[in-house]
Amino acid sequence: MGWYNKRLAKSLWVFHISGSPCNNCDIEILDLITPKYDVERLGIKLVGSIRHADVLLVTGVFNEKVAPKIKKIYEQAPKPIFVVAIGSCPSSGTVFKNSYNIVENRESVIPIDMYIPGCPPKPEAMIEGVAKLMEKLNG
Amino acid sequence: MKTKSNLKNIVNKNQIPLGPFHPLLEEAEYFNITVDGETVVDIDMDTGWMHRGHEFISEQKTFTQSIYLVERICGICSTSHPLACVHAVEDVDNIEIPLRGRYIRTLVGELERIHSHLLWVGLAGHFIGYDTVWMWAWKYREPVLQMFEIISGNRNHYGMLRVGGVGKDVDPASVPELNKILDTLDKKMDMIAKIANDDPVLRSRLVNVGILSKKDAIDFCAVGPTSRASGVRGDIRKDEPTDAYDLVDFNEIITKNGDVYDKFVVRVLETLESIKICRQCLNKLKIIDGPILNNVKEISAGEGIGRYEAPRGEVFHYVRTDGTNRPIRHKVRAPSYNNIPTFQASCKGIPIADALITLAGVDPCYCCTERAIRVTDKNNKKNNIDLLKLSRDKTSNIRGNF
Amino acid sequence: MGVKKLLINIPKLMESNVSADKIECEYLFHRKNEGLFSLLEIAQFASYCRQCKSAFCVDACPKEALERQDNGTIKRFNMRCVGCKSCVLACPFGTILPETINYVTTKCDNCLNQLKENPDYIPLCVKTAPEGTFKMKEMKDEDPDKKLFFVGKYLAVINPNWLQKEGKK
Amino acid sequence: MADYQEFINEMGSKIKVEIKKKRRLYFQVKNDDILEIIDHLFNKMGCRLSTATATETYNGVEALYHFSDDKTGNYYCPRVVMKDKENPEMNSITPIVKGAEWIEREMAEWWGIKFIGHPRPIPLLSRNHPKAPNKPMRCGR
Amino acid sequence: MKLEYLFFIFIFPGILFTSILGLIIGWVDRKVSARFTFRVGPPFLQNFNDFFKLLGKEATLIKNSIHSLFIAAPFVAFGTLSLLATMIGVTLFYGIGFGGDIFVIMYLMMIYSVMIVLGGASTGNIYSSIGAGREVKLLIGDELVFILVCLVPIIKSGYQLNLESIINFQASNGAFIGSASGILAFLLSIICIQAKMTMQPFDIPEAETEIVEGPLMEYSGPPLAFWKLNHFMMYVIFPFFLILIFLGGFNLTGLGILWFILKYVGIVVVMIIIKNTNPRIRTDTALNFFWKYASPIGLLAIILAILGV
Amino acid sequence: MLNNNLLLLILIPLAISFLNIFLPTILRKILVFATLVVTSIITINLFNANNETFTLFSNTILSLDKMSYFALAGIQLLSFIILIFSLKGVENNIQKQFFALYPLTLAFSNGVILSEHSFSFLIFWGLSGLTLYLFNLLGKTKDTPKTAKKTFLIIGGSDAFLIMGLAIVWFLNPGNSWSLLSTNIPLVDGLSYTAFFLFLIASFSKAGGFPFHTWVPDYSKDSPVESVAFLPASLDKLLGIYLLARMVTTLFEIDILVNLIIVTLGAITIIIAAMMAMIQNNGRKLLGYSTISQVGYMIMGIGSGSILAFAGGLFHMINHTIYKSNLFLALGSVEKRTGTNELNKLGGLGKIMPFTFIMALIGTLSTSGVPPFNGFFSKWMIYQGIIEKTATLTVGYQIWMLICLILAIFGSALTLAVFIKFIHAIFLGKYQKKFAKIKRTPINQILATGLLSSLCIIFGIWAVKIPLNNFIIPALQDLGLSAPQFIGTYNPQLIILLFGLTFVTGMIIYLFTKKVKFDNNYLGGMDAEERFRILGTEFYNEVKNMKPLNTLYSWAEKKYFDIYDITTKFTNSTAKLLQQAHPGQLHLYLLYIVVGLLIFLLLI
């Protein structure tokens, strides 16, 4: 599998799910693709269909309405798939944690492999996160 | 306006679900588009995917905390909501703001408009498959974020505002640098304006697409560029000049047609105006000295309305207080909340490809459309997971698993 | 007079060792309201506090949230206070109850609406407080001997009063 | 302030002015008169509906509409108080102001206000919601 | 069945050569596009990595859909494209005809679209269906112009249908691009292959932001890998075809190699430039464009060709 | 006399058909089947026969040359396969009539093909039109009477033209006998042109060429599906095109201008019918229009004046009958299972009727001319022929011819589009629960479509070996034409072999790497409900709404281009009397024929 994982590490296709975020994390994710950060040089590509994805980027505290859909999307993704939670929202709930409508334990919705905290995390932080993922895949 | 029987007819037609997760929508949102072939017959929106209960949370927080909360309604115009919020609180007691504070507020607000409009131009490009425009627009947006970093220390979520003024001062030493960045931006914007005017392919794609008539704009109470593109006057910065808007000179951009192209033009021209305003503010900040914050002691009981012309239109906040430091009712109404229903008027009878760009045309941000709502929260045992532990655990998990 | 006042027996309340947030309030607007704290805060500044000439608490407050009013009492301005409780520490007489100096302030409306509908109404705080500490009662006059003082229109406290002790009242 | 004096004169008999301050006019309207007032504000004066706020108070459930007169920057806020907290009911203004559709749906959904004559009385935010809350914004006491 | 043929189809100029060259040119495309937008772009082996990664992923089959068709479609397309690559390549590199003439090639080229449509629509996914519909519409749009441009070399070569005779004719009489009709047809043909490859501005059937990559939406794992490979193979097949019918083929001796690279890269770069300077157009605009504007020009080219200009 | 093979081919079915009137259904089926076995055996025996004839009163009435043998073989083959399909599944209430009419049709068609004498030709031609009309009356949609009237008027009217044409031919060529096979009238003066075009009208009406095609789609929609596959899809094409082929070879000597006119008509037929087919939402109408469109190719091929194209046209004729009856039968299977042929009520059947789906797919691909199926080969021959012909023309004619060629090639792209819609609307798209429990396709239907489909493949891959060498080239030689020389190359065996190799390579890679999971549709997180469905019937709305096509389409929908409607309107407004005279009844039709014959006899 080592050889394969190395290929995988060099070609992470990313699908982006927003589970009730404030949008900023999503914008910063898109920022990654644009000229200043350009993660295509790492082989990362944003795809439109879950079937093509290797990495799921989730943002936001999940609210009760969107959580089942996120779960469904995760189930529809072809394995192996990695879930990376972007922002403080999925990890701690930030300012929203007192709301009624959010899922308290986001791990119960989908298994999250990695958290990249920050509100929003700087693109550099996200790249570092991705780099760590690649490092791991490369062994 | 649809009647019930009308809805029944629609059920038999083909429907296309758009969302909740669709590459067109950065946020989760769901449209049920009824089509005939590829022509949109009806559009029905199901919201609530992003609903986090801001109005509910806000009632548990102090005004100062609320500002940070409403900042996180949405990240794109994360100054507009706090600004409208502080305006509302200030409106209760007619609180005066020091002059320097007013200029800084205006500066931040306008910079945000630039960044937001550029973002939209880019995304609109992306949606119509013109990735080059996307990349370029976002490249030119980076300097704005850089300016924000200089001013507030963060690329997004600036946390600048307080009731009674602003929380952070602009370092006078950084003003020349900011001015320099603005200069480069100016040239780039001119270029984008030119593209907007000249590119025939772009025009063929956008002109006469998704027309929102003036009447519909008024009927649906649309706000901001969406209504201004349809020829409806209305700019909060002119109507109710708070902050420094009565002290700076700028134009209100209005076009007549109401199609996506006009919305595009309005946004591009507005960006130019914003750059003008930012310049004026920066120049004033060089001369004007003084406090930036009126240290408010107390908010008396009463009601207040605050609004601000966000990049997408009027943000409206209403607070009702009882004399404590938190609101008893905090109503938030984002511009998209009024703009999105206009799809019903502008999307009918056009092909899906057009409908999609029309959806994008009002620059909707669902995050703040769905802010409100709370629920009786009896069991307050939130599972506040230790962020650090989690992130360490998980990262080491990944390490271990492979 | 005919107006009922809420009477709080503060020494007794302290003795009872019931933590203040056990006492519920039915003020309508906030989800979780502890209207009681606002009552206590007013009460403590009105009667308990010594109203020092150069108030230590005012000096200590990093946010300039405490100010002396014209009538000599200290007032905390809730938009400025950050709830750091420096004032509690600074007061040499320990008159400031830490529970009352909250960052998020609350409000008691004296259950006026309920009383208007039903003059015999018993507010929730009275119901949930330890026996004998809270009372809804019609009162004519202050009674310094019984350490009964009026605070504002609807509130009365039984509380040792420094001013009275020092003969200022 | 003279700006909205005219409005007060014209509608004086139907409204009960509550708060009057710079650029803001809050007034109470009876449910029967609300449509007429809204018609006047929207069609005659060309005001724009910003939004509406529902609040529960001791007096009942209130619906407060915010109309912005963009020419003068004034706000007109008619308030309708529904005394019956269990089944609050009022006339829908959506037939007059299309833009009120969503906000009325939202108020109906979370406050349980019934809007008589609303053209599309379906929930706005809690459709397809697996755990849709019931009248959550009410104080619940 | 000669052993030679096996070499043709599997190694050169068939599957192996075309795939590798295609993946590399695909990289060039991505790189140049990135350069266009001030980015760095992907590393050299990116497309190879993508391909192998996809091979190792799970393939998803849709319940209650026609699985055999779903799986077969990319491979049929792959087979057809390999065949095309071989047919065109053998003529180009060896100067002999192989299997079919220009009509055969034109019709074989349609199979790719058919397979996209069948594979996509077999899933029952609406986006795939919309994409399928768009694919056919685009096909009937560009096919008309494609016929017109393909007729030009036929006419100019004195009504020859065989690829090798077209090449030989050009070898003795100069490439067709050297004439007015040749230039017109060549320019049109570039737009046509843009559409046939569903590159911007004609990426209508696979518009990611509109219909979520359309017919490819439900594909994952190995079948998707093959769809991607197919797409990259077209980066070789279509330019080679154009070189064959307009640019006089290759001469792989001495300076000829330089010419070969120049011709090929030239066509690819023109395509990339078009791709990066245009937004995606709508289906009806595309149809309008092809039927109302491009085909009269194509007709003009034909008339010029008949007149010998 | 009764041992004459040719006569038997007509008499046996005729007799059986009369016999059948009195028999129960099951016996009728057996008898019809037996008839077909017999006629087929006779036909096979005739394979090597040379110029078999049948004479009566010293006139050669029937004769057989290689071309008529080719058509005859086609008729036997198709009748046989369609009969297999009809053995089970014909609507109960029409079974009786159906099996009486079936041999009748066969008899008359054989008659048309075998007639050498123009008199008998005329009678059989008219009678075969009559069976068409009778079959039509078996339909049970509400438009049936109207359609029957229309069909009858167009076909019957064309008979009248044929009569006149024959009369003129006789007038021009009085010395000759009544033989159709050796007139060779040069087109020199107005009269000969008139005769030619009268014949053309007859053959176009039968085959469904523009502008006399309008009965085909209506007929397809309103008649029993077996009869549609039987008559307009196969036999009528064979007959009409056979006549056309006769016309351009033995009846007339035509010049290049006429060639061009025929080719143009063919091209117009292709495009118009394909465009019309694109917007149809009724499966049968769609197939009907596409049938017309395919006729265009045959007309082009046969009329172009190039031997290669002529051979291609003949080949296309047989190919077309094969794949189009295949498609009609496949649609019939679907229709019988689901009870509808409206495309927007179907969908997602590919999973439920996989076999029918594959058959229909093969039919579709052949129709669209996708290599290596048979449709491609014949089209390819036609194109080559036209290219070959073009090379010999002057500049102006070259442009004219090439435009027709472009339209023809483009027509196959349109056809592909049409059939994508067809396939998508019926078999692809969202699986529907309401169809989950439908009955399985009976074996006879599978057998029939399977036979036709395998013919599609066989004729595609071994085109030269089987149909060309055995039937078409002898036919050409019989007519005194040289064997066609291909000017392009196309090696289907090689292509299919190499394709198979690569395909298998791909599949092997897939099988090695495959990890499969099953899942529902991904719709952005929504559940794949049934209301989220694209039918495919609306694929081409954009084309429909395109300027100026939208006006054309709206006119077409108002039937401005329908020759039948134009004439009826014309008649309506000019002569009420005439309108009263044709209420569309059988006896009136017979009256026409009788009157026509009387005139004819008088002329003699």
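Per-chain numbering from 1; labels A, B, C, D, E and F assigned in written order.
Just so we're on the same page, contacts are C-beta pairs under 8 Å (C-beta built on N, C-alpha and C of every residue); 3 or more make two chains touch, one makes a residue touch a chain.
Just so we're clear, the structure is a prediction, and the values are computed from it rather than from any experiment.
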**Message:** For chain A and chain F, which third chains touch each of them?
**Reply:** B, E
**Reaching chain E from chain D through chains that touch each other, fewest steps** = 2
**Message:** Centre to centre, using CA atoms, which chain is the farthest one from chain B?
**Reply:** F
**Chain pair bearing the highest count of C-beta contacts** = E-F
**Request:** Would you mind checking which chain's C-alpha centre is most distant from the centre of chain A?
**Result:** F
**Fill in**
For the pair chain C and chain F, the C-alpha centroid-to-centroid distance in angstrom is 100
**Message:** Need the CA-centroid distance for the pair chain B / chain C, whole Å please.
**Reply:** 44
**Prompt:** Distance from the CA centroid of chain D to that of chain F, rounded to the nearest Å?
**Reply:** 70
**Request:** Determine the centre-to-centre distance between chain A and chain C, using the mean Cα coordinates as centres, and give it in whole Å.
**Result:** 51
**Request:** Would you please write down the residue numbers of chain B that are in contact with two or more other chains?
**Result:** 14, 16-17, 20-23, 28, 30, 38, 48, 51, 56, 60-61, 134-135, 139, 328-329, 351, 373-377, 380
**Message:** For chain C, give me the residues that contact two or more of the other chains.
**Reply:** 29
**Request:** Identify all positions of chain F at which a residue touches two or more other chains, and write them in rising order.
**Result:** 517, 519-520, 522-526, 532-534, 539-540, 542
**Item:** Pairwise chain contacts, counting only pairs that touch as defined
**Value:** A-B, A-D, A-E, A-F, B-C, B-D, B-E, B-F, C-D, E-F
**Complete:** Per the touch rule, the chain A residues reaching chain E in their complex are 4, 7-8, 10-11, 13, 34-35, 38, 40-41, 43, 47-49, 51-52, 54, 76, 78-80
**Complete:** Per the touch rule above, chain B residues touching chain F in the complex are 11, 14-22, 28, 30, 35-39, 351
**Asked** In their shared complex, at which residues does chain D touch chain A?
**Response** 125-126, 128-131, 133, 136
**Item:** Residues of chain B touching chain C in the complex
**Value:** 56, 59-64, 163, 295-299, 322-326, 328-329, 374, 376-377, 380
**Prompt:** Inside the complex, what are the residues of chain A that reach chain B?
**Reply:** 5, 16-28, 30-31, 34-36, 46, 48, 50, 60-61, 63, 65-66, 69, 73, 82, 88, 91-102, 104-105, 107, 112-117, 119-120, 122, 132-133, 136-137, 139
